[in-house]
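The chains carry the letters A, B, C and D, assigned in the order they are written, with residues numbered from 1 in each.
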Amino acid sequence: MSVVNLPVNDEPVEGRALPLDAAEAQMFRRPSEWRIFWEAFSRDHLAVGAAVLIGLVCLISALAPVLSPYDPTVGDNALRLAPVGTPGHLLGLDGQGRDILSRLVWGGQVSIIIALLPVTVASLISVLLGLVAGFFGGKVDMVIMRTLDVFFAFPAVLLAVAIAGVLGPGMLNVMLSLTIVLIPYISRVAYMATVTVKSELFVDQARVSGARPSQILLHHILPNTLSPVIVYGSTLVGILIVLGAGLSFLGLGITPPRPDWGIMCSDGRNFLSVAPHVSAVPGIMLILVAMSFNIVGDGLRDALDPKLRK
Amino acid sequence: MLKFLVYRVATIVPVLLGVSIVVFLMMKLIPGDPAEAILGPAATTEKIEMVRKSLGLDRPFYVQYVRWLWKVVQGDFGTSIAVNVPVAQLVWPKFWNTVLLTAGSLVICIVIGLGVGIVSGTRQYSWFDRISMSLTLIVANTPAFWLGLILMVVLALYLGWFPATGMYSMRASQKTFGDLIHHMVLPAITTASVSAAIIARLVRSSFLDVIRKHYITALRAKGLSERDIILRHGMKNALPPIINIVGLQVGYLMGGALFTEVVFSWPGIGLQIYSSIVARDLPVVQAAVLVTTFVFVLVNLGTDVVVAALDPRIRRA
Amino acid sequence: MSDALLEVDDLHTHFHLKNKTVRAVNGVSFAIKRGEIVGIAGESGAGKSVACLSILRLVPSPGRIERGRILFSGEDLLTKSDRQMRELRGQTVSMVFEDPLNSLDPAYTVGNLIGETLILHKGLSKREARKKAGELLRLVGIPDPERRLDNYAHELSGGMQQRVMIAIALSCDPALLIADNPTTALDVTIQIQILDLVKQLRDRLGMGVLWITHDLGVVAKLCDRVVIMYAGEVMEQGPVYGVLKHPRHPYTRRLIDALPKLGRPEQRLMPIEGRPPDPANLPAGCPFAPRCHKARAECGTTEVPLVESGDGRAVRCLFPED
Amino acid sequence: MEEDRNTFETLEAAFVEGRLSRRELLRRSALIGASAAAAHLLGSLGLATPARAQGTPKKGGTLVIAKESELDILDPHSAGGWVTWRVSKQMHEGLIDEDLTQANVPYPKLIPKLATSWDVSKDSLTYTFKLRKGVKFHDDTPFDAAAVKYNIDRCAAKDVPQFYARANAYTTWIWQFLKEVKTPDEGTVQIVLREPYGDFLRQLVQGGGGAAVFISPTALKKYGNEGIAEHPTGTGPFRFVERVRGEKVVTERNPNYWGTPAYLDRIIDRPMPEPAARMTALQAGEVDMIYVPHPDGIAELKTKGFRLEQGPAPHVWYFAFNLRDKNYQDIRVRRAINMAIDREGMAKQLLKGTAVAARGLQAPCCPSYDPNFKDYPYDPAQAKKLLAEAGFPNGFETVWQTSVDGSGQLIPVPMAEWIQRDLAKIGIRMKLRTYEWITYIGYWIKGMDDASNKVGGQQMSWGMTSDYWLDIVTNSSHIAPAGGVGQNGGYYTGADAMLNQARGEMEGQARRPLPEDQPEAQGGRPRGADHQRPRAAHAEPQGEGLRARAGGVVRHDHGLARVSVRVGPGGVSLPG
């Protein structure tokens, strides 16, 4: 009986009034997934700025051996605690007379890797677990998801500290503990996505037309599970940078002399009142980068699919 | 509702059992021998064996686990290796200290989180909204330990407004509530910071969601005032996700309190876990992690029940 | 038109977005008499809903009523205070929305939601309100109303939900009921029940009804008069029989052709080609011209006025049919 | 004040020259009370400020002290670590003690405590102690010969009911040659050894492990071997009030003390593992003194008028070579390494004068310490030559290990990195492996097994005021895997004979100087140490003090002025 019937989307989108669906229909005529994503994302100036910042920090960290003005582990005792702006040492020197800028550049490698790698590895494992549990259901589902529930029951920070404490300090151990902590969280997202997609029509259609389970899993379900996981994972990176720094702060993380931003913060705490920059500079860096990952995560979420908001 | 309650309570039993297994096994992974840690430089093979035996470390894992669990159920967490007292005696007082700190932080979280969130959510794009949302974004990404150090230096050391360490003044003859609150301010703010920011952001978006719902327009069409709409309808609808996140934050606060407790020497469970990890005091770490997680599970259960009571759509599950 | 209950005159409602202005309602005029059912029909995006929300001054931000008058019983609603508007809403003018499930607050029982209006406008006590709510549910044909009072919206069927919405709207005996696509989500049998119900209630209570729909079938079944809207403008209006039987505007014609005809299954449906114009970027002249088979050069350049003819009909077309 | 400063300068000079007294660890206990009034006690890098208390002691008051970690159990027979001993020593006393009243004494003399006099038999096997009369434990149990025997049996006699394995493990070095304890009358105790043990008396005053102090037998019976730790009951000037784990240990003046009662009313010891928290608490006036300020924070504290107390400790920071590793089997390699390391530089620049370069393996706090001993000089050129002669013209690659933190470790990683850099100059490419302290102890105790973890050198730091410590760390009989703290898997036995013989020599007996050209021989006692250890690598922290380990920082304008203390006649560590 109806003439034109577009799906009603009750998701609040900025600046969108109720009856503009016609105009939007035009906008959403699909050129390509990537382009839609890019157009949406690039409109979010804050997210683009944050992404650029992350890119720069990663690049500079990666090029630390070339860019770092000094050896991050060798100090000049004569200039201990020299303030920001000291000639030759843009960001000053720390308690052992080491160049803070150099340590920041080198420390970026560690700080970002100990967040990025666990998120990536945990995401891969989680997608696998979530797919298997969600797709096959039944006992497999029960065993996997109930086991993950157990890990989910721990307060995350406590679990990270406990595992890192059990394994002892060291970069590998920190990353391992963070990965373990992340898996239940990401798996839930992957699982929910799988279960939702599984019940959608196009999957039934594929099944009816005789596709094998592996094909359905790979071609239909996996791609739809990935985007929520990517979105979720990207917001986790920021949290992990802070948590990883916290572990280093407690001495359960990276072991000196290797600098990371958490250790740098903690090094500075003994002369906060005479040389606040020693702790402040890496602290601000931590906040900036963690925040950028958060903003990029939000931007990705909005750009990839407004329906993912919840 | 009763059915929901029973179902929900039943689901936590296997989870708790799993938690106990994980906690037990985790501690078994510690490299280095606790017996050696106890004896230090005076250790000899013979003495190490002696200590191992007295700790029951020579038994198979599953026997150790069952014996341990059976005792734990009876409230006996064993004896601390480092300080040689019953773990329960060590852990419970610390745990209550953390509960106090968590409660203080939670109050801050709720007051600041809800207040900022509601004002921002109902006045989107106002200057308050813009400033508070920028601030919450920054605070949500600020390491608590770092913030704690800064608060300590500025507010305790320079300005001298608050004490920097501990729960009570050591020189005072009596523990008073006022003294406790005075000592709690900085640690509680530090612990609450991230959660308060997260809650504020969530309350805001939750309110924005609700306020854009069709039924809000419908309520306006019924002639309700904005105040009634926000307080009666907006609040009740936005509350379930808010309570959910607040419940989750309780767990975060209890975990995050660890950093605060280390920085401010707050004699809580987090500081205990930290020093016990460093001392390789397994029974204490086991008990502390177990107790905290147990409470976390209960808080989550409570949150679910409250949310179900508030949101009629969930109750059927 | 002095006996008009509601008279909308040259209404413009625009949405000011960051870099563009969406002209959702662009000079709409129509009127409703007491006891009359007027339908507004058109495709999605024609500005029907915004026009309705404008009447109650509930256009969501960043939308604004730019121009025009909305006379209700001779008084311009656009000059009223917020407080006066609140008293009017739900009491004198009430509204039923498209999606009943999403338009009922899920956190309150049906009884509460109906009672709320009564307590607010009629000053009833809680108990009185509950009693009256029960009566209203019976009025809108809900069986076992006492028990339903304690149900939440999600526990009711779609038809029931819409009846509840109508019960809320009727609770204070409004002079005007605005219904925004209230039956779209319902299946046909329920739709017919609801339409019958509204007709009955109109007959019994004597209120005016403004019924928004994109379904000409509904218009034919329910309304006394119809307003055809396209791209924020009125294309044609008049008594239902005349407009549907002898449409004068090509757009009306196309809409009717797009409907399946009972008893003539062999005839192909004729969908309208093209899409409605972007309301942020309306073409000059007649907005339908780009899709119109009969359009000539001047259609795209001349401002087309709404021309009234003596039979109570009006049409906005340079080359009307007849 | 003027006088104070002069004293201070003198002390500082003495300290820098390494003449300054010893056992600052014990001293530190003294420092608890003494810090304000008794500037003469300690060498100090701290500043004397105008606010300091004048010589007149005041009575009363509470002293709040922040410590670097939670205490071990308060059972002095079976607890380890100076952190705990500093508190336990306030409550418990032994038969004899070291005289800590005098600074500038490298090797404090032994003085009477609960024994008024002692006598050693000609065969060096029987020690007879006359006990002090009228001494009572805190629970009013009289202190007598039976109480002494009861305590010693608890640690050493496996067949008595009160025997406690843990106490036995901790007191090994004290009682290992014990034959029996005789009590001819209630005022006399005879301790009979199986073989001569020259350092026996000196072992009686050690406290870093288990200590030879006395606990009330009544209390031991009442609370049991485990329970006694919760109810420490000794004869000391302070008695136990309460302990809240992780928060505080409270002790109060023992009004019935046999000597002059303490001046302070109360001492509250607070564990504060976080150095920044300790320093903040000190500056905020929440505590009166702290241990172990972070070395980087000391300067700031000093500018704010806090005084830093520190002194030499029986503590050596060293690396041991893995002699199973072919790289280290040639003595020329070991010498080269010793000569390649700039120890003076490390002590002055890296450790900012909080430690002095070691001369030999023994700390200056041992009787055998010889300040005139000439160690290998810092001479990289000569080192490179030696290395080439030994067949390593291009050096070699090796792995050394250390901890990242830990009791008395100073700043192990930067120190190891310093060595790493020095070794690189002569071509030795050393890779550093680091562990958290407790984990590291586990590895360290097992020794270096080149089959499993390919370690060329590993680091440790500790010591005693007894020469016997050298035996402990170098005699192959104490060496892993036989059980013990040895370093080289029993590979090197060359020094055993000398060490065994030295063990039996009594103090005061002729020492046998080794030939001048053998730097290994130092202080008259033979040692195989430097065949295995690069002496070059050690730095002796001046009282765990400096780095912090033991450094008490005292705030004088607050608290202490009103609680000033006098040093007890026994010179013991009492604030009383």
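Heads up, the rule we're going with is that a residue touches a chain if its C-beta (ideal position, glycine included) is under 8 Å from a C-beta of that chain, and two chains touch if they have at least 3 such contacts.
These figures come from a predicted structure and were not determined experimentally.
Asks: When the mean CA coordinate of each chain is compared with the mean CA coordinate of the whole protein, which chain is closest?
Replies: The most central chain, going by mean C-alpha position, is B.
Asks: With contacts defined as at the top, give the pair, A-D or B-C, that has more of them.
Replies: Looking at contacts between chains, B-C has the larger number.
Asks: How many angstrom between the C-alpha centroids of chain C and chain A?
Replies: Comparing mean C-alpha positions, chain C is 48 Å from chain A.
Asks: Which integer distance in Å separates the CA centroid of chain B from that of chain C?
Replies: 53
Asks: Taking each chain's centre as the mean position of its Cα atoms, how many Å separate chain A from chain B?
Replies: It comes to 23 Å between the two C-alpha centres.
Asks: Send over the residues of chain D in touch with two or more other chains.
Replies: Where chain D meets two or more other chains at a single residue, that happens at 276, 436, 439.
Asks: Where in chain C do residues touch two or more of the other chains?
Replies: Answer for chain C, listing residues that touch two or more other chains: 53, 60, 98-99, 102.
Asks: Tell me, which residues of chain A touch at least two other chains?
Replies: Correct list: 10, 168, 251, 269, 272-273.
Asks: Under the touch definition given earlier, write down the residues of chain A that touch chain D in their complex.
Replies: Those in contact with chain D are residues 73-74, 77, 80, 95-96, 168-169, 251, 255-257, 269-274.
Asks: State the interface residues of chain C toward chain B in the complex, per the touch definition above.
Replies: Against chain B, the touching part of chain C is residues 53, 56, 58, 60, 86-91, 94-95, 97-99, 102-108, 116-117, 120-121, 152, 154, 165, 168.
Asks: So in the complex, the part of chain A that touches chain B is made up of which residues?
Replies: Residues 10, 12, 146-147, 149-151, 153-159, 161-163, 165-168, 238, 242, 245-246, 249-252, 262, 265-266, 269, 272-273, 276, 279, 283, 286-287, 290-291, 294-295 of chain A touch chain B in their complex.
Asks: So in the complex, the part of chain D that touches chain A is made up of which residues?
Replies: Result: residues 275-276, 279, 294, 296-297, 299-300, 303, 349-350, 404-405, 413-414, 417, 421, 434-436, 439 of chain D touch chain A.
Asks: Can you list the chain B residues touching chain C in their complex?
Replies: 212-215, 217-225, 233, 236-237, 310-313
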